[in-house]
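See the structures that follow.
One chain, chain A, links the two complexes that follow: it is found with chain B in the first and with chain C in the second.
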Partner chain A sequence: MEGWDPSTKSTLTQIPLLTTKAGPRDGAAWTQRLKEEYKALIAYTQMNKSKDNDWFRISAANPEGTRWTGKCWYVHNLLKYEFDLQFDIPVAYPATAPELELPQLDGKTQKMYRGGKICLTVHFKPLWAKNCPRFGIAHALCLGLAPWLAAEIPILVDSGMIKHKDDTASSSES
Partner chain B sequence: MEEELKQMLNELNSLKQSITDPSHRAPIDKLQLHVERLANLGNSGLVRRSKVKDMSAEVVDSNPYSRLMALQRMGIVENYESIREFSVAIVGVGGVGSVAAEMLTRCGIGRLLLYDYDKVELANMNRLFFRPEQVGMTKTDAAVQTLSDINPDVVLESYTLNITTVQGFDTFMSSLENKSFRPNKEGSGVDLVLSCVDNYEARMAVNQACNELNQTWMESGVSEDAVSGHIQLLIPGETACFACAPPLVVASGVDERTLKREGVCAASLPTTMGVVAGLLVQNTLKYLLKFGQVSPYLGYNSLKDFFPTMEMKPNPQCSNAACLQRQKEYSLEKPARDAAAKAKIEAEALLATEAPLHLDNEWSISVVDESELAKLDVKASDTLPEGLTRELPSADEYQTLRDEAPVSTIDDLEDLRKQLEALNSA
Partner chain C sequence: MDDELAELQRQFEFAQQAKSSIRLSERNVVELVQKLHQLHIIDFDLLHTVSGKEYITPEQLRHEILTEIKKLGRVSLIDLADTVGVDLYYVEKQAHQIVSDEPGLMLIQGEVISQSYWDNVAEEVNDRLQECSQIALAELAAQLLVGSELIASILEPRLGTLVKGRLEGGQLYTPAYVARVSAMVRGASRGITVPTNLTVLWSSLQQLLQEMDGTNGVVVDSSFFQSIFNGLLKEGEILGSLRAGVHWTPNVFAVAQKESVDSFFSQNSFISYEVLQNLGIPQPIQYLKSRYPEGTALVDVFVHPSLIEMLDAATEDALERSSWIGALSVLPASFGSQNASKLLSLCPSVQLEIKSNKAVIFGESYLFSNGFLKDVYGRLEKDMETFCVSGSSGVVLSNDLSDIKVGHDSSRFTDSSETVHEMSSNKQATEKGSKKKRGKSSGTAAAASVTEISVNTQENFAAKSKKGQRKGKDTSSLQVSDSKSAVKKESVKPKEDNNNIPSEEWVMQKISVLVPDFEEQGLLFSMLELSILTTTEQEFISLSNVVGIDDLETVIRPLANYLRPKLVDFWKQKRKALFTENAEKMKSLLDNLQKKLDESFLNMQLYEKALDLFEDDQSTSKPNNLGQQVILHRHLLRTTAAAIADTLIHNLDLHNKLKNGVEVEESQNSDSVSLTPGERITISKSFPGSLSNMALAVVEALEGKRVETFMTALRAIAEESGLILRKLDKKLERTLLHSYRKDLTSQVSAETDPVSLLPKVVSLLYIQLHHKALQAPGRAISVAITRLKDKLDDSTYKILTDYQAATVTLLALISAATGDEEDCTSDRILSRRELLEDQMAALKGLVLSSSQS
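Showing the complex of A and B:
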């Protein structure tokens, strides 16, 4: 974990760790895991809000809790850039991490696989594998998505690949 | 081309009608005839060969299987035509999978099941099989198009889905279980699954499916730098599963700034991928047609042309529950396996001549089985001298200890969901 910034580290230690090793095919054990996922997400969201660092919304898109949708945003130069966020819980979960998708950015950056799956290979997958099954969705957002947004969004904005929604609105009006 | 010719005919027609002088019509009629002939020529090139009912060994130019059936004459394969009864599932129709599919198609395999969710791109053209005009098609559709032209005898099934999602996985499982092709086959509906995917998630999904179905499969992979690869045979319970030996995880602390400028794009070479596909299908043919020795693992290092082989036993602490179940079943079948092996050896001994190999043995030389000695040594090292105990539990005890994990407090799932929704809307 050396190399991560202190605030991410301290945030991470406050997200509750999970104990049940179960995936969507494990029946009752998966329900138990899902409860733990919710608890971790609730704790993480509350923590973000209390620190005035709220940056995502996520909720299960089906009753089984295998598909999740929501939004995430990043503030760059005092402007807020918001994106749809979605992912599936893979069948081999939690042995394999969820593949976080930002479909609106598909094709706009090299650090992405087809369909808008952000690249987690180097900075996150080893951590996830080492901490299986203690890491959950909340940890994936904290250690996978947050650093990706912090690294990629400024480049995408500065290179003109993405525009702020007010910018695009005014340019289309003029 | 067909479209262009049709347009040309239409334009000629309108030209003919616009001309009032009848003497000019004759050359236009002539032109029209030429175009029609051209169109016919183009069509005749696309004629497909008809299906072949029985594989024949007859050596004539028109027999697509003569060179394959010759394997029987050469004494390599006992019954080549049995290949038509086999079903092979290929997961991932990329650089390795598509070439493997073409090889099996040309070999006259009975049925091929293809799985991929990707589309053909120009960036794929450094590899074999796909053609530039197929860009934009799904890989499965493009593969079926080419393969059915090459050999219409092969039954092709294509599935455009992502097997790592819950929904895709269910379809994947049921397609493997479907036995409509050969209803009296034991086990699942396919004889072998070939994993030709490029990521860990998909491999784990194939592993999960095959462990659950007790389905033998083969793994293949090419390294990110495109200069080495491997194939591996996985028999649930008997050999290591993909989760038994997880990839070495080196969790290095990575600064978030370091992830800025490293392309995701991996390197690939048609050569390495072709070699790995060749090794994979060769092993597949040996496994299905029962000739030669099926490799449990075969590596390929192209920089040094080094081909390591090895065997891997299953991990008794494997994290995959289905793998542990298969291991248990396999160990329960051990007495039956031993008896069969013994009977085979005895039958061979009976066939051998009773006479001694050498009439005299002046120096009392005898042959000792080294493997027996090695087994004795292992046993000896396993037992400790009196008074000593092991600090760490053995693997079997470890397993039972893990099961006693404390059950955390039970909450209502719906309550938790509402709690998160409340936070989301706040």
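Showing the complex of A and C:
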């Protein structure tokens, strides 16, 4: 579990683990799995809210629950930077982790694959594989996106790659 | 899509929509508070807690501290800081404020303690006290971890209310206990009858309590006892006086002390300080003076005037009877001589007598009246006279002080009777010895000393030493007197001073002999002087029973010292008188001696010359001639020389005696002295130093065979003793020879005995022919005759030889005669004698005719 900061780790352990091992093509089993995913997400969200650490909104974009969309944000220097978030549940799910995409930041940072898919740390993959099928979407967000945002956004902001919407607005106005 | 899923979807949606709670970080809060301060919305100090995560107002702190104190009653500030969570500094500050505000609180050694806490403690203590009846404050203090002074100060106001007991010397006691202990103290101090150091008492009481309480008994401090004791004393439950806080003198004791002192003093009319000290009175003099102002304090006793009166009466009596008294005999036995002397000086009669010079005090306590002293002095003087006459004992005593001291000491420590006997016999011996001839004195002394064995040796010793001294004296004085007169005066005087003064010991001895009452009663029998003494002696004797021998010494010595100067003066005068008397005698003696010596010495020289005739042909003469010559020498020595030596020695001896102040009764018959060789030697030995040697040499020469040796010896001694020996000169020789010849001629003409005629005729012939005076013994006659042969004509010589032969035969017959009547020898002697008588005329004619021619 090394490689993550202590608060991340403590948070991770509080997210309920999943039990059902099913992918999107497994029918009822997937439904079951989806229910567990929701429960975990709800718990995580509540946890974040209670800690005044709410940082994303997601919802299923299709009824099968294989594609998800939403927003995520990060506060840096008292300014809130908000990005679109989307991802698909891969067929090999849960063995394979979902690939989180931030399409707005595509091409702006090196820590990103084509299409805005974020690069995760070397520790993520083995940890996920080890905890398959117990880790779900909530875990992926917690372990993947949150540290990535915390690491990349200040750099991106400082390097001027991204600008606050007020600034862009004001600059576009001017 | 089942309901459940939809539900979950909705729920998730809802959860995401829900408003997240807002949180402030610590930093934000701190900033906010700072902001509030800046804005003066908070206008008082805020305190941090130790963790640094909380703010606390001082009021809150105060409140918290108060509650804490109220809860516990006694809180340590350190604990408080811990529990409140505020830094100790603020807690202390606040606590000080609280304590100063609230009167019921106190801050002691970093602890805040409330009065209620102390109340509780007091109650607890009371409970324990009722249980154990006594508690040490130190114990309590240790238990409560506070100082014992604090505990004491806390408990004191609560004594009697919360704590039912009594605080004493760091101990708490219940009233019952106090009552018990005070009962003990009372009992103990009432039981004491002699002065006691109270601490000793307390320690014994402590021990008692310890035993009663067993092992758990607490040690009771002695100050507790002391305070109880003081209380009892104040209440009058015990009687007595306390000095320096610890020395307790009970009334009983004081009363007993006073009574015993009173009774002793009133009975004995004196009391020694020692007695008082034994009774525990530390300063007896002050005590007695304050009690008996009329009494007198002496060195170590205190006396009543009555005692002085008594002594006064006794001394007055003694003085009136002109005798003496030892104050010690009148006074009680415990009086020392110092006291006695002091007391004596207080007696009015003594004071009077001493002032008027009628009495003298000796040896501190002995009072002598002048009358007595005079008496003793008179008798001593009388004694001295004999002493002077004998002249020996004084010399002995003074010269041989060491010997006498030994003798004296030993005799003093022997039995008293022995002492006396010894003394008397000693005296007797000395007197006898001095009167008789010296040679016998040792014998008498020895005879006297046979009596006691213990005395014996010493006596002998004394006699011997005396003898030796006397001899020494004789010669030395002779020597001195014979030397030049200037020297004589100088040297005699010191001698006199040194030697002949009666010594202190001697005087003491005399006194003890004269006044026997100084001695113990044993000497009564031997004392002649007893008859002189008056009735007072009885008293003295009883006194001397009391007075020991040591005391005797103390009496007699000062007395002797007092009398001795007078005696010495007397003695000196006496000596002087004797000396002038003796000087004349000595002079006449010496003159006589000189005269006699002159005469006989000239004769001697004359005779000696005659011997020269025989010397001349010593070498040629036959050996038997030598024998003849020796015979001649010896004859001369035996006759003339011996006479000279005897006169010389005898006179020297007499002179020596005179010199010593000895009275020599006869000096006129000294012409006819003839001494045996032994006597000569003893007298010679008695001369001092070189004179003795010379005298001995003379005596020895007398025994020798050569006249010359005698002559030299005689000259030496004469020179030594200042006599002049006249040399023979021609003129003197002639006159002497002439007178001798005349003498001889008259003798020859008057001579009737044929035998004795021959030597005279021969001598006369020698004078006529050789002008030499020959002294020849009978045996040398024939030799002398043969020597005349060539001087005389034949007929004369014939007559001489015939006569000589006849004489020899006659003498041989007489010596051979047995005295038998029938023997024919007598007839033959008779015939021979007749024959000789016939020839006598011829012989006489021979000499007389030639003398006349």
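By our rule, the second predicted complex is superposed on the first by the 171 of 174 C-alpha atoms of A that agree within 3 Å, B and C clash if a C-alpha of one lies under 4 Å from a C-alpha of the other, contacts with A are read in each partner's own complex, and residues count from 1 in each chain.
Assume a contact is a pair of C-beta atoms (placed from the backbone, for glycine too) under 8 Å apart; a residue touches a chain by one contact, two chains touch by 3 or more.
Here the structure is a predicted model, which is why all the values come from computation and not from measurement.
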Since both structures carry chain A, what do chain B and chain C do when superposed there: clash or fit? clash
With the two structures laid over each other on chain A, which partner does A:66 touch: chain B (first), chain C (second), both, or neither? first
For A:104, using the defined touch cut-off, is the partner it touches chain B, chain C, both, or neither? Pick first, second, both or neither. neither
Report the partner of chain A that touches more of its residues: chain B or chain C. B
Chain B versus chain C as contact partner of A:159, first or second or both or neither: neither
Output check: A:39 vs chain B and chain C. Expected answer is one of first, second, both, neither. What do you get? both
Could you say whether A:130 touches chain B, chain C, both of them, or neither, answering first, second, both or neither? first
In the overlay, answer first, second, both or neither for which of chain B and chain C A:7 touches. neither
Look at A:50 in the shared chain and tell me whether it touches chain B only, chain C only, both, or neither; answer first, second, both or neither. second
Check the residue A:95 against both partner chains and state whether it touches chain B (first), chain C (second), both, or neither. first
Could you pull out which residues of chain A sit against chain B in one structure and against chain C in the other? 31, 34-35, 38-39, 41-42, 45-46, 49, 57-60
Going by the contact rule at the top, pick out the chain A residues touching chain B in the complex. 1-5, 19-21, 24-25, 31-32, 34-36, 38-39, 41-42, 45-46, 49, 57-60, 64, 66-67, 70, 88-92, 95-97, 99, 110-114, 119, 121-123, 125-127, 129-130, 132, 147-148, 150-152, 155
Chain A residues touching chain C - in the complex, by the definition given at the top: 31, 34-35, 38-39, 41-42, 45-46, 48-54, 57-60, 63
Complex interface listing, chain B residues touching chain A: 118, 163-166, 169, 200-201, 204-205, 207-208, 243, 246-247, 249-260, 262-265, 319-320, 405-406, 408, 410-411, 413, 416-417, 419-421, 423-424, 426
Of chain C, residues touching chain A in the complex: 1-2, 4-5, 8-9, 11-13, 15-16, 18-23
